[in-house]
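First, the structure itself, so that you have it in front of you.
By letter and in written order, the chains are A, B, C, D, E and F; residue numbering begins at 1 in each of them.
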Amino acid sequence: MPIVTIQQFPRSVEQKRELARRITEAFAEAYGAKAESVQVFFSEVDGENWAKGGVMGCDREAGAR
Amino acid sequence: MPIVTIQQFPRSVEQKRELARRITEAFAEAYGAKAESVQVFFSEVDGENWAKGGVMGCDREAGAR
Amino acid sequence: MPIVTIQQFPRSVEQKRELARRITEAFAEAYGAKAESVQVFFSEVDGENWAKGGVMGCDREAGAR
Amino acid sequence: MPIVTIQQFPRSVEQKRELARRITEAFAEAYGAKAESVQVFFSEVDGENWAKGGVMGCDREAGAR
Amino acid sequence: MPIVTIQQFPRSVEQKRELARRITEAFAEAYGAKAESVQVFFSEVDGENWAKGGVMGCDREAGAR
Amino acid sequence: MPIVTIQQFPRSVEQKRELARRITEAFAEAYGAKAESVQVFFSEVDGENWAKGGVMGCDREAGAR
């Protein structure tokens, strides 16, 4: 613990590496948590597996995501 | 909010599009929720990543799923 | 399968009953799924356990949720 | 999107407020994501609903959590 | 890793303790995983937060759950 | 119910088959649950979608996972 699960559009490894580092720092700063106790899972979905407003991501305009 | 995560066998985009539309309408009708507030995530698993009754989906007969 | 998990603000049992019924019908109509195969889980969070835009729900104005 | 779900031991609202703010900033910095697109859900469990190493949290010594 | 999340009806601590112990052993036997790497989370729902077949648990007969 | 979701590194079908069988037995023994009521979902992530201690799995040494 803590376990962080992120549902998001696909991102590059560089972006996920940066995000995981910053989120882990956030737990240290806000909770005083040890870095090794923090695990981050990325669950990526594309526009064919996500909908908002009843419209699939693949059918929405990019700016509306 | 609300966030809907669906664990299911793979379906076509057409089927998911139809389902996401209907689920979003259900939130409008039952809760009075604005469509744009509803997000639906599809998390698809095949028979090698799901078991029921202690038997993997890939080992079960189709009718028993 | 399918398993539906809904993250939402607390609602009355009447509202959840109505929503679960409609969502289950949506699976029957969009997928041809048998009603008994559909399970719906409600995971309710209050404003002290949810944030949007970096602001806790309990700190946001009601209209901004 | 993105949706962040955090499984953790109970924390004060002050700590969660601080964490949610920092995590949302992390998405802005690492992904260039708009703050309003980021939602954070806290799913808190106590020692009677979590186990590590096959031992319930309520049976572990505090330092071993 | 691995992280196990269990959605279930409420159970006693004794039952959850027994289950967590056995599940952790299962990972050791099937995967050769170290016990300390296995975390189990219990997410309990009552009949007002779960539906099957479009019917809330609190409306179903006990035998039909 | 119960629904078991496992976040893990990729494993062979043989290993998952063995684990699902043992976990289902664990529910029977600890809860007296009927096997057919137990569903197990495997959500596999590789080292590019998981971080511990702020370091991506693909950047960690194998022994540190």
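The working rule: contacts are C-beta pairs under 8 Å (C-beta built on N, C-alpha and C of every residue); 3 or more make two chains touch, one makes a residue touch a chain.
Keep in mind it's a predicted model, so treat the numbers as computed, not measured.
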Contact steps required, at the very least, to link subunit C with subunit F come to 1
Any chains in contact with both subunit A and subunit C?
-> B, D, E, F
Roughly how many whole angstrom separate the Cα centroids of subunit B and subunit D?
-> 25
Separation of subunit A from subunit F, taking each centre as the mean of its C-alpha atoms, in whole Å | 20
Find the geometric centre of each of subunit A and subunit D from their Cα atoms only, then give the gap between the two centres in Å, rounded to an integer.
-> 13
So which bits of subunit B are touching at least two other chains?
-> 1, 3, 5, 7, 16, 23, 25, 39, 41, 43, 50, 52
Which word fits the touch map of the chains here: line, ring, star, complete or other?
-> other
Contact pairs between chains, per stated definition | A-B, A-D, A-E, A-F, B-C, B-D, B-F, C-D, C-E, C-F, D-E, E-F
Considering the complex alone, what residue numbers of subunit F touch subunit A?
-> 7, 43, 45, 48-56, 58-59
For subunit B, which residues are in contact with subunit D within the complex?
-> 1, 3, 39, 41
Which residues, counting only subunit B, touch subunit C once they are in their complex?
-> 1-9, 11, 15-16, 18-19, 22-23, 25-27, 29-31, 50, 52, 65
Of all residues in subunit F, which touch subunit B in the complex?
-> 3, 5, 13, 16-17, 20-21, 23-25, 35-36, 38-44
